[in-house]
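The data blocks that follow each hold one structure.
You will see two complexes here that share chain A, one where it goes with chain B and one where it goes with chain C.
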Partner chain A sequence: MNRFAHVLRRIDARLDLPQPARGRIMLEIAADVEDLFAVYRERGLGEEEALGRVEEKFTVSEEAIAELVAIHQPAYRRFTDSLSAQARTRFERVLLALLLLSMLGVGGPLLARAEMIRQASDFIWPVVGIGAATGLLVLMKLYQLFVKKDHRTRRLRSGLSLLLLGAGGSLLVAGFGFAVGLHQALQKIVLDTEGLWLYVVRWLLTSAPVMLLGLLTAMAAALFWLMLTHTVERIEQMEVESLLS
Partner chain B sequence: MLTFINSGGPVMWLLIVLFIVIVTLIVRAVMQLRDSETLLARSQTGGIHAILFWGVFAGILGVYGQLAGIYRALMFIIRAPDISPPVIAEGMAISFRTTLFGLLLLMGAGLAWFILFSRYRALTRESA
Partner chain C sequence: MEHDNLETQNLPRVANELLILGSLADRKMHGYEIALELEEQSSGLFRFQYGTLYPILHRLEKAGFIKGRWVKEGAKRKRKYYTLTARGREYARGQLEAWDEFAERFTAMTRGLRP
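Then we have the complex of A and B:
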């Protein structure tokens, strides 16, 4: 049994928050409690005295509880929590995976052609780079959670935000490349109106692959983020249950 | 109608699936909002945010479908350079169908989300 279970149960009972934020905040507070205990022990306090001091520190008022919640629940966390609350049912998750596979089925054969990459504008390379980095991060998280089973609270969510950043980044770079291509095509059309269709076709040929890859990378990164976040939330929930028991 | 759907290719069928999902979610959310006590007791939004989530997905899927269609068409145009500009223009116009349908779904989902979430917030304020 956790030596701080009664302190944590008291705080848990007063947290007016929905899951998964509640579970995550409880785990973070539990880690803070353990850290404070370790600090007191390092200062030379006996185990009993250190326990008493920690209990005293965490016997908190409503205002302090609200402050604890605010510290552990910044705006971006609230935003990502509301995002990860989507596609929670098995049906929705299966649908999301099927849609992604269908997108891969539609765009994959095109993207796999060497001539498509050759024709694409230079913006394809940063998108490929972001895609590769995101893929590597997904593999590392899968290894951490499912093979190594490293469920340390402070490491559970590390890297998850980077997946969302990768999704946004690939969309941004691809969109920027698309706009730059259009700008260049229009400049050429102004000088040579006869070649309008040629420039439009050339712009689409160079920009469409970049956008296709950017969208596919973004959707795949978002899907893996959703899947890994749900896994992390389940692990956090189990950890909290064992802490409070 | 079927001609319109078929002209959009496989992506249009995926968008139809998303249309059904979004409508189902809207109906479910409306029914859950009617039974507001259960909804508030569970502190859940009744899947209202999911409507917007799938709407955004439909918008992105629509754009994706257009790009894939345009690129495939361009590969034919390169091989047959004597294609007349009106034919290219018509192809471009058809390629916009998935984007338009996807964005229409996004707008519909966004509107439904706004109305339902406003109702949900009003209910939570009343209960407070």
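Then we have the complex of A and C:
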């Protein structure tokens, strides 16, 4: 049992912060507490006296706690934390997975046809690129967390926000391609009103695969982000609990 | 030369920041080491309650004046070191100039009170 568990628990109980900030603060304080104790002991203090001095030094006031909380709670963290908190329930994760599977069921066979890809506008390639990069990132994170079991604090969350960026990026590129296709079709329709249906159908044929792939990429990236964020939070919580036990 | 304004209501905060930045000027340190060194080198004049140390360290880190780095020591132990950044050095210089000017003016304005 950690001899300073009661000191750390007193601080932890008042730190109203989400992970990973809370875990990191506690890890830092826990290591410093132990090191200061070792320094006092090396200098010849008895165990009781060293314990007492360390405990006195690490009395953290309410003002200091409030300041730490204010420092570590930026607006974007509040936003992403509320997202992952919403998604923590199994029901929501299952729902998202089902949605993704049903989209894959409908869109997958369509996208698998070479003809569809050939017809697609050039915007499909950046979406494919973002999808491939996001997929690679997911594989790297899975390898890091489950195979290599690299749970170093500063690396735990690295790359997670890139997944969200990938989801947003694929949607943005696909949406932009959709709008550009529509704009081009409208320009042609103005010059040649008789070809209205031809241009509309051609726009749909070139834009639909891009939009479909963009949506699938975004949903898959979001789903993996939720799952990996949940895993990372569980690891961080376990670390803090082992510290306080 | 232009320097940063030193607001009198922020004197203790700025003084604490400068003491911390000063102790990191030459080497990397853990949080507790900074407080310990400040206390010992000042013969107990600058005594930090460790609880007040972390908000200052984290605020300086967030501002980019110091950089915290986690290092794994042993099988499970993780330690956080702090180093001074170029930006932090620049900030400290600006604050020190303001501090010197403040001290000069303060001494001049209170000269009549001295024996």
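Definition applied: the second predicted complex is superposed on the first by the 190 of 245 C-alpha atoms of A that agree within 3 Å, B and C clash if a C-alpha of one lies under 4 Å from a C-alpha of the other, contacts with A are read in each partner's own complex, and residues count from 1 in each chain.
Keep this in mind: contacts are C-beta pairs under 8 Å (C-beta built on N, C-alpha and C of every residue); 3 or more make two chains touch, one makes a residue touch a chain.
The shown structure was predicted, so the numbers you read here are calculated from the model rather than taken from an experiment.
Q: Report for A:134: first if it touches chain B alone, second if chain C alone, otherwise both or neither.
A: In the superposed model, A:134 contacts neither chain B nor chain C.
Q: Output check: A:144 vs chain B and chain C. Expected answer is one of first, second, both, neither. What do you get?
A: Neither partner.
Q: Thinking of the overlay built on chain A, is A:229 touched by chain B (first), by chain C (second), by both, or by neither?
A: It touches nothing on chain B or chain C.
Q: Touching A:95, do we find chain B (first), chain C (second), both, or neither?
A: A:95 sits against chain B, while chain C stays out of touch.
Q: Now for A:201: first (chain B), second (chain C), both, or neither, which partner does it touch?
A: A:201: touches chain B, not chain C.
Q: When the two structures are overlaid on chain A, which partner does A:103 contact: first (chain B), second (chain C), both, or neither?
A: Once the two structures are laid over each other on A, A:103 reaches chain B alone.
Q: Contact-wise, after the overlay, does A:212 reach chain B, chain C, both or neither (first, second, both, neither)?
A: A:212 contacts chain B only, not chain C.
Q: A:116 in the overlay: touching chain B, chain C, both, or neither? Say first, second, both or neither.
A: Only chain B is touched by A:116; chain C is not.
Q: Chain A touches which residues of chain C in the complex?
A: Residue list for chain C touching chain A: 30-33, 35-36, 49-52, 54-55, 58-59, 62, 69-70, 72, 77-80.
Q: Name, in rising order, each residue of chain A that touches chain B in their complex.
A: 18, 82-83, 85-88, 92, 95-96, 99, 102-103, 105-107, 110, 116, 197, 201, 204-205, 208-209, 211-212, 215-216, 218-219
Q: Can you list the residues on chain A that touch chain C in the complex?
A: Touching chain C: residues 24-25, 27-29, 31-33, 35-36, 39, 57-61, 64-65, 67-68, 71-72, 152-154 of chain A.
Q: Which of the residues in chain B end up touching chain A in this complex?
A: 9-11, 14, 17-18, 21, 43-45, 49-50, 53, 57, 60-61, 63-65, 67-68, 70-72, 74, 77-78, 85, 88
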